[in-house]
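Two complexes come next, and they have one chain in common, subunit A, joined by subunit B in the first and subunit C in the second.
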Partner chain A sequence: MAKVTIDGHTVEVPDGTTILQAARAIGGEVAPPTMCYHSKLKTSGGYCRTCIVKVSKGSDKDPRPMPKLVASCRTAVMDGMEVQNNTSPEVLDARKGVVEFLLMNHPLDCPICDQAGECHLQDLGYDNGGEKTRFDFERRTFERKDIGDKIQLHMNRCILCYRCVKVADQLCDGRVHGVMNRGDVSEISTYIENAIDNDFSGNMIDVCPVGALTDKTFRFKSRVWFTKPMDAHRDCKKCSGKVTLWDKGDEVLRVTGRKDQWGENEEWICNDCRFEHKKSSDWVIEGPRKIDRHSVISANHYMKLGVPHYKKLEK
Partner chain B sequence: MGKKLLIQDDKVPGIHTLEVYRQRGGYASVEKAVKTMTPEAIVEEVKKSGLRGRGGAGFPTGMKWSFLAKPEGVARYLVCNADESEPGTFKDRYLMEKIPHLLIEGMITSSFALGAKTSYIYIRGEYFYVARILEAAIDEAYAAGYLGKNILGTDYSLDLYVQVGAGAYICGEETALLESLEGKRGNPRIKPPFPAIAGLYGCPTVVNNVETIAAVVPIINMGGDEYAKIGVGKSTGTKLISASGHINNPGVYEIELGLPVEEFIYSNEYCGGIWKNKKMKAVVAGGSSVPILPTDLILKTAKGEPRLMSYESLSDGGFVSGSMLGSGGFIVYDEDTSIPMNLYTFNRFYHHESCGQCSPCREGTGWMEKIAHRIVEGHGKPTDVDLLWDIQKRIEGNTICPLGDAAAWPVASAIRHFRHEFEALIPKTAVAH
Partner chain C sequence: MKALTNRSKIAVDKEYTFMERLYFPAIIKGMMITISHLLKKKATLRYPEVQKEFAPVYRGKHVLKRDEKGAENCTACGLCAVACPAEAITMTAAERKKGEEGKYREEKYAEVYEINMLRCIFCGLCEEACPKEAIFLTDEIVKTSYDRQDFVYGKDRLVEDMNKRIDITKRQKKY
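On to the complex of A and B.
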């Protein structure tokens, strides 16, 4: 076990735990925001640099501070480590920079984006971003790409978190999905634009933190905050069959995997459950889904509970 | 005349062939190493020599070698980094092109020291003709019994391969190089684990620069202690410098570390002074990524001591008034050079070469290029210089690999030392917003 102190809160965690997981164990605002890390995807994280923190004391054995800010999602804790997240102005400034970099070429088409309301980039920008951009050049755009009849790819919105690539690598056999080109013209693509026909390819939609990969069957049907999330399940031979239904009236508009309080999938679901069962009668309804994230869709929820985060919004 | 240990025979006709190379004393270190020394003894000699990585970072080679994990039953690899792509750096190409057997000899001796049974030379795509020279030399070495099974009749066997990259600067970063060598996209890995623990195919791996591996040859021949006597302080031995820019004699020079910078620039033995009888304005001392220094700071440190060609002296004063020896890509600029234009060229390079994995480098390098471009085109805004400064600050240290730093440092130093040149290009009528 290792004892680690983050922003003055001490927690004991098993060896090999990352700083991010330790911070999440403490909970609340101590946990750094993340974009590219996903707890259920191996080797995810490290790319977006959103979760960077300052290690002011390496460990009891070697108390030297780490020379650079580190990605908390990919750095293991050491016994006696001391970490600064929100308490370090250096971290907050660097994070503000990261948000600026991520939003620089983002189209900011939130009013017509299906992800709006549950978008991690919106949350990140709201919590950590500056009030305006200093980028005054034409924004980068990509050619439209068709990657099949179920998933919509909007490369202009992509922040290259690589989470969908990891889904393709780790859940789908015969990988055809990856990144082409390099630098700021890198783009998500399927090999020679093949449609992704794999039973678990739909999970790419769930892991996409922005509106780059959205559900074609849900496209423009409703703003997410007008839908009602319900936990439901069915007998499925391919997956656990445990999903969240997004209802409007009696209609099931969308089916997604269940996500934890950090917006990361609890379990993967198959395309059959996701795309082919859009009737309430297909499902056994368990009850309303509690949405833990502080995004638009759950703002009211927070007001009722008086969770500290909401108080911050009032300032 | 300084001592030469690596390219003293570069003008000897036929030195690229095994026959001539052996006549000049080649492969003596292999004979000595595999027949009379233990691997541990070789590592010890390299440690004693004080040799530091010649690729740019200057990490002590002996220490790097001793970090190599040696689990039972797991292969170990030595990989030579010949992906020399830093603008202003062309010393490895010269060495491999002229004396390919020196690198191969170093690879055999080093592989023996590290217990590697298979080793690779990863060479940049643009050097395809050099790869052919190396391959021809490797064939000769196999035929002569220096490579392959039971080298020189001993128990030690080694296979050596040349792998040509596809032309990406980023593949000179050691973990991106390993990814590329494995046949994947050349993206840097997130460290830890370091290659010494999990490198090529997940096995313990040492990645060394061409010149570093070549330097092992004289170290074994003359002994680590003798080697350590050359040079100054912790900068031991000789270093290849690729000199380019506005000088009379551009080319690759082998210098003893500790040579005064002034002598290097103005002596006819080396650069031969500034061309066309002009004055010098600035120097980039170690490849495009290291800070640019104006004449007064490259010739003398901030304390007024003469600046020497050594790891310590060139970095004296930190980044405020110093720079780095880096890879030895020594670029000299005359008084008529536009520093903003030069910076824009560097910005373009780093923008083009960023792999795109992490956001600060992916987005920041392109942004800096755009701003630098509009400044040199005369459309800059009064806030642009401060904005450039701010962007580089938010890239530096916040990226997965050192490419972000490499892109940020030239910007920081150009603004630090030549801010007036940027401001002079911004139209007086421009409005801030």
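On to the complex of A and C.
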């Protein structure tokens, strides 16, 4: 076990835990924001640098601070380590720089993008970004691409977090690579399309932190905050069948996996559940999904009025 | 009984004085007040011949603006509807097809855009929330009607007419 102090909060975690996981164990504001790290995907993290923290004391045995800010998702804790996240102006300043880099080529099309309202980059920019861009050049642009008939790729919005590549790697068989080219022109590309026949390829949509991979069956149907998230399940041979339905009236507009408080999937769901079952009658509804009260998705949702109605359905 | 205030006067049935019995001074005093009001500026206007000037930021009927080329600014992002405290705005989005670039400015547009003017409280929050400078409140007044359905304004009555453009420069935010 290792004792680690993050922003003045001490927590004891097993050896080998990363700083990020230790911070999440404390919870709340202490946990650094993440874009590319996904707890259910192996080897994810380490690309976006959003979760950088300052290690002001290495460990009890070697109290020297680490020379540079480190990515908390890839750094393991040591006994007696002291970490600064929000309490260090250096970290906040560096994170602001990271956001600026991420937004450099990201189009400002939130009013059109289907991800708006549940977009991690939006939250990150709002919390840590600057008010204006200092980037004078043209943003890189790509053509919109269809990956299969249900998923759409907007490469313009991609921040190259590699999460979808990991999904294709770890959940779908028969693919080798996911990103073509390098640097400024790198692009999520063709090999990923080959993974589309797989039953779990739809999870790419869920793991995408921005609006680069979106559900074509939900395209422009509604803004996220006009839909009502409901927990539901069905008997599915391929997956757990536990999903979140996004309803508008009696209509099911979209089906996604259930996401935890960090916006990461609890379980993977199959394409059959995601794309083919868009009727309320296909599902057993468990009740309204609790979304953070501060999220725009919770706007105008009157939980109390709904409660008796949902209880009746549970019988 | 003790009076609650010291302003109350006890009525006494006393006799009129000579001046009071003449009546004329009191009549003249009253007439002076009447005549002085004749000369004063009128508080009312002869509506509808004369109409009062509106403040530049008056919040009346909404308009959905078009850009210089006549394309609709609105992309149906839904921020006005979520900002609306009266929940008066509803919309349905649609995707722009090839060849409609002149009609709609962005890839997505509002196929249906409705404001229920009976629900609307004219607070102007929709205007404030709009990221595309699409919706503005104007100095027009919503017309009366006997039918409730007449107050649900669709795109036919909200979108700006290119022949009768509405000037909103005075209420645009300056950055």
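Basically, the second predicted complex is superposed on the first by the 287 of 315 C-alpha atoms of A that agree within 3 Å, B and C clash if a C-alpha of one lies under 4 Å from a C-alpha of the other, contacts with A are read in each partner's own complex, and residues count from 1 in each chain.
The working rule: contacts are C-beta pairs under 8 Å (C-beta built on N, C-alpha and C of every residue); 3 or more make two chains touch, one makes a residue touch a chain.
Since the structure is predicted, the reported quantities are computational estimates derived from the model, not experimental observations.
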- Based on the superposed arrangement, let me know which partner A:135 touches: subunit B (first), subunit C (second), both, or neither? first
- Message: Touch test for A:237: subunit B only (first), subunit C only (second), both, or neither?
- Response: neither
- Item | subunit B or subunit C, by number of subunit A residues touched | B
- Message: Looking at A:183 after the superposition, I want to know if it touches subunit B, subunit C, both of them or none. Which is it: first, second, both, neither?
- Response: first
- Message: In the overlaid three-chain picture, which partner chain does A:104 touch, first (subunit B) or second (subunit C), both, or neither?
- Response: first
- Task: Using the superposition on chain A described above, determine whether A:116 touches subunit B (first), subunit C (second), both, or neither.
- Result: second
- Task: Kindly classify A:68 by the partners it touches after superposition: subunit B alone (first), subunit C alone (second), both, or neither?
- Result: first
- Contacts of A:42 with subunit B and subunit C, given as first, second, both or neither: neither
- Name, in rising order, each residue of subunit B that touches subunit A in their complex. 168, 170, 185, 190, 351-360, 362-367, 370, 383, 387, 394, 397-400
- Under the touch definition given earlier, write down the residues of subunit A that touch subunit B in their complex. 45-49, 52, 67-69, 71, 74, 93-94, 97-98, 100-102, 104-105, 134-135, 137, 159-160, 162, 178-179, 181-186
- Task: Going by the contact rule at the top, pick out the subunit C residues touching subunit A in the complex.
- Result: 75-79, 81-82, 87, 93-95, 106-108, 131-132
- Note on the structure: The answer for subunit A against subunit C in the complex is residues 109-112, 116, 219-223, 225-226, 296, 299-300
